[in-house]
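Labels A, B, C and D are assigned to the chains in the order they are written; within every chain, residues are numbered from 1.
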Amino acid sequence: MIDWRSFEELRVNSGMLHRRSELVEQAKGFGRASVRTDLAVEARDLARERLGAEPDGIVSDEEKGDFARAITVRVLTPEAERVTGKRMGTYVTIHCPDIRVSQKEAKEEVAKFLSSKLSQMMAELGIGPEDEVLVAGLGNWNATPDAIGPTVVGKLLVTRHLHRVLPPEKRGGLRSVSAISPGVLGLTGIETAEIIASVVEKTRPRAAIVVDALAARSTTRIGTSVQIGNTGINPGSGVGNRRFGITADSLGIPVIAIGVPTVVDVTTIVMDVLGAISRGEDQNIAELPPERMRDAVVNMIGPDMSQMVVTPKEIDVIVEMMSTVVAGGMNTALHEALTEDEIYEYLH
Amino acid sequence: MIDWRSFEELRVNSGMLHRRSELVEQAKGFGRASVRTDLAVEARDLARERLGAEPDGIVSDEEKGDFARAITVRVLTPEAERVTGKRMGTYVTIHCPDIRVSQKEAKEEVAKFLSSKLSQMMAELGIGPEDEVLVAGLGNWNATPDAIGPTVVGKLLVTRHLHRVLPPEKRGGLRSVSAISPGVLGLTGIETAEIIASVVEKTRPRAAIVVDALAARSTTRIGTSVQIGNTGINPGSGVGNRRFGITADSLGIPVIAIGVPTVVDVTTIVMDVLGAISRGEDQNIAELPPERMRDAVVNMIGPDMSQMVVTPKEIDVIVEMMSTVVAGGMNTALHEALTEDEIYEYLH
Amino acid sequence: MIDWRSFEELRVNSGMLHRRSELVEQAKGFGRASVRTDLAVEARDLARERLGAEPDGIVSDEEKGDFARAITVRVLTPEAERVTGKRMGTYVTIHCPDIRVSQKEAKEEVAKFLSSKLSQMMAELGIGPEDEVLVAGLGNWNATPDAIGPTVVGKLLVTRHLHRVLPPEKRGGLRSVSAISPGVLGLTGIETAEIIASVVEKTRPRAAIVVDALAARSTTRIGTSVQIGNTGINPGSGVGNRRFGITADSLGIPVIAIGVPTVVDVTTIVMDVLGAISRGEDQNIAELPPERMRDAVVNMIGPDMSQMVVTPKEIDVIVEMMSTVVAGGMNTALHEALTEDEIYEYLH
Amino acid sequence: MIDWRSFEELRVNSGMLHRRSELVEQAKGFGRASVRTDLAVEARDLARERLGAEPDGIVSDEEKGDFARAITVRVLTPEAERVTGKRMGTYVTIHCPDIRVSQKEAKEEVAKFLSSKLSQMMAELGIGPEDEVLVAGLGNWNATPDAIGPTVVGKLLVTRHLHRVLPPEKRGGLRSVSAISPGVLGLTGIETAEIIASVVEKTRPRAAIVVDALAARSTTRIGTSVQIGNTGINPGSGVGNRRFGITADSLGIPVIAIGVPTVVDVTTIVMDVLGAISRGEDQNIAELPPERMRDAVVNMIGPDMSQMVVTPKEIDVIVEMMSTVVAGGMNTALHEALTEDEIYEYLH
């Protein structure tokens, strides 16, 4: 006799247990304001807040455009890795707070920033202009806040199949690019990381780029930032809390991760409010003992709550717009033949 | 010269301003625990908490099944309307906490409860078994948490066009049913309420049923409850905060509203935590002065936050499942020819 | 007892009976090569073939671009209407045979042609730059070949709801535009024409533009042509064979129809082959008696076949591309503030 | 300088060249009535017609239900393989001509036939009730007639990820099933066969089941038949004309193919009409010399026409219904715990 209840509970809860214990740990660290973020720049800012100073082993750099900024955060030492929770490597965040209410030029600037930073990162990783690249769009296409990866993949200029039948002189600056949307564990029964690894083994690209929806610390990041990193995808990141890493180690080739924040964890929001109150910030509220706060939060983090995200009502508009911007930037970085002016060329 | 900024800001913010001022009012009422819910049963419970007693003018009733309960809340007086924020009328909430981890029988029980309560409400409103009914699926089909209305509409047995060409003896217990998904203001430029009113005027159905995604007070309600009410849709309700009512007054025919909670407002979550702390509940935490809490919350409610919702990561699975349950229950209530055993018949 | 069979047959066949008798009539006219097309330019060419000369009452005009041509066909007399089967009025077809294998400039040229011809037609109909326009995207969004109308609507710059809250000096050249996708009879139970009429009565726009997928005579027209006409939608046109007209007569306001061919009727293909054989064209095949051909065709046109369409396998790519081109052209024609260079502006 | 034209032509035409030369060959064979079909039962019937007798090496068998029939065709010899164009093996076609206009029982009978035939085929291939199975849904989810594979996959009870964390006594008759929708070459740049092979190598299932949309010879097969075969997918089959085989040879494990006809090739329709005329069937039309017919057909088969399919207008309804039937049958065959009465259980 089939035990539907235990089966269904497992279905519902898979991925949840892992995350929950992590959250309880996180909440215990409350007072040290340990909230979750997939963005290195936010992790750096949290470390700064906690330490009251720039953490050692982190070098930052900022470039300003007319509408957007590109902030580069380098995590250089194991200590910096521990403090930020971000693996040693380089993370560029392009941030354009007003992108939704701005004219076309703002979107183009973000796409150009992304294109130039991605080109630079590929060059640093030794990926030449003719090297084949596999793009993987992570996430669940059925759930809007998790759909940015597959949506970007649907807008890419995919060429691998054409490359194979064209003589080199006809390729004219178009790189060989393949692209998959592997789905999520609940849909396939197979870990995303496994599917990507198997396709890499079979098709032997020179590098992989993974595109994913991210969880930010602050709602102001949703739909306004793009992060490019050279360390791949690490366990626990993403809207769906990817369970296994997708990295140079696991794939055997360089992995660049491009992410767009679309959600904030509910627990982050709650801890943020409590933090504001306990620190007496903004409101000059007297401090409440941190342990009481912590208990309140731990109590709130039921298995339900750890599976909840905060997302804007108009998330569909944000995913559509940002996937166009990201695909535009990726297309021009991947294909030399496309100039900056043609950043949206292929999308027409 | 076009002022894109003001235009785009308007686009982004339309619907937001209205809601924000309401939220600030709500937050000011904090301490009186005024949090938002579209569910009458939650509104009743909040009133109970505040008053420490059953509010006057509210009569409740409960029916138990093997898996689910049906709780009927009748708001009988203007005073009860004021206290609950729900218009005078009848609201039935079918609640099945374990529906996701239960076998098929639980889903069928919810569909049957829905069918029987809907039939009863239609009879009370004088809607006969041959009277034509228009169903409207509210919400934005592009954003998963707001898509339940259009998804239900896609699963209904629509017959109005066939009815017109069939002789009565061939109709065999199938009612004339039409169904529209009017979209949302941002997609059409027209108020949902206006589109429905115009179709009602043209096609002259005897009654309307509107299906919508709801905001609950508690995350435990998401995907586990269905509410049926005889007062239609009131301004401010739903995931997208409908701006105009869809009621017997505005349409000139009876309006039944069926809703499934898919989100909780972020502000509700935050106020809930603060409430728990301030009341010292669960945690024996000393009270913080309510006015300090209130200031903290008002401060947090920026225009961003009031457009944010809390929703489960697996919202796509919930919307798919609950829309099947709701459509199954509606099909059997609407069409006499379908028996309870055929509750999912048409869906195959 | 419900008679499911007659009900279901009706569901399946609704719309079919009408069309079938029409097809049999058409086939009887075979030898006079009466094949179906929604394109006036093809209807003119068929009339030319039959008559061996330019039919009376038809005036044509052609404009050439670098990639595309715009052919204007004016049907001026009742006799010309009878001969072509197209209502008296003006039809512009923009044709770009290589649009799929051409660079971006070709797509932009088609969008600009469309924009300029649409502007001109609106001016001729007395529609001023500030007059409100309702756009209706006809067709079934679930069936790719019939989805072009709703897809175009999803890419329009909809402004009616913003207009109402903006002072005139802030509107800066953006017209008030609303847009609906009314669905198809099988989904709603309501005639598309009825829904549009009811929304027109309620919102009182100055003019309507309906966008629809068309049936062409020749497969070379699929995804390569756009037709703009000032006579609205006539019964029997479109992929789904609209059953009622959507015209100035039925709505009380000017109606412009924009269509993109996505299918050819199966019967057209068959009659085309038979015609080629019977006329001994291309192949120098001896003539077969036309009545034998006719019998063969009439025999083939079962109820099944009359519901079949011919469409390219890559129809999804065609619908996506052409809906972007059409929406780009419409956005610039509708909103003075958008220049020709910004033809795809809003789409980013 | 990038040669967009050659690149785009390649994009549009990839997959087309292969098929075209095949079609010209086929047309040359005209008179021998060589038309394309993916259904073995139709290929047998065509061979019968040509030979005027049952071809050697083919054994057929038929089982009748109340609504449907299951016809088993065994291709036993290399000669039979040559004559039918179907690889040696077993093909079961379940045919229910009235499935769309019939009550629920007809759909259930088809699902039960499928379940029982699939179980039997798995047993014959030595696949035990606990062996892991990978399901692959072939085809393009963006184009309705090619979407049946991915749609079925979305309705399967996927369990592999749960199996790994459940003790055997808790699995209660649920097999380990994984499922992927690999997309099509134009979307990924990678051959579907390559993606499946790589996932098989990585996850090591005991067998694979591929689900695909098929091309039939006759429009009466569309949406009324399901074929189950034990020879996998062969090059040239399917709506998209799969270019590489997916077979026991290429994957190293047994491959069962399940297919639903959703289209007929345009050339098939044309050759059918010509055949009917030339054979003087039905109409007593005098024979036209076959070589003239052939020339006419070869002339018609341009690169455009060979990429065209014939499909019903209501293909969306057919794909939705048949994917439910197929997924229902597969779920009960794959999971012992599901009884025949629960054929649609999981779908609720």
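Some observations on this one:
One rule holds for everything that comes next: contacts are C-beta pairs under 8 Å (C-beta built on N, C-alpha and C of every residue); 3 or more make two chains touch, one makes a residue touch a chain.
Owing to the predicted nature of the structure, the values given are computational and were not obtained by experimental measurement.
Counting steps between touching chains, the shortest path from subunit A to subunit D takes 1. Placing every chain at the mean of its C-alpha atoms, the farthest one from subunit D is found to be B. Separating the CA-averaged centres of subunit B and subunit D is a span of 43 Å.
Centre to centre, using the average C-alpha position, subunit B and subunit C are separated by 39 Å. Computed from the mean C-alpha positions, the centre of subunit A lies at a distance of 33 Å from the centre of subunit B. For subunit B, the set of residues that touch two or more other chains comprises 11, 186.
Against subunit B, the residues of subunit D that register as touching in their complex are 104, 107-108, 321, 324-325, 328, 342, 344-345, 347-348. Of all the residues in subunit D, the ones that touch subunit C in their complex are 4-5, 8-9, 11-12, 100-103, 140, 142-146, 186, 219-220, 239-240, 264, 266, 269-270, 273-274, 276-277, 282-283, 285-286, 288, 292-293, 295-297, 299-300, 304-305, 307-317, 320.
Subunit C meets subunit B in the complex at residues 1-3, 6-7, 10-11, 14, 154, 158-162, 165-166, 170, 172-174, 176-183, 185-191, 194-195, 197-199, 201-203, 337.
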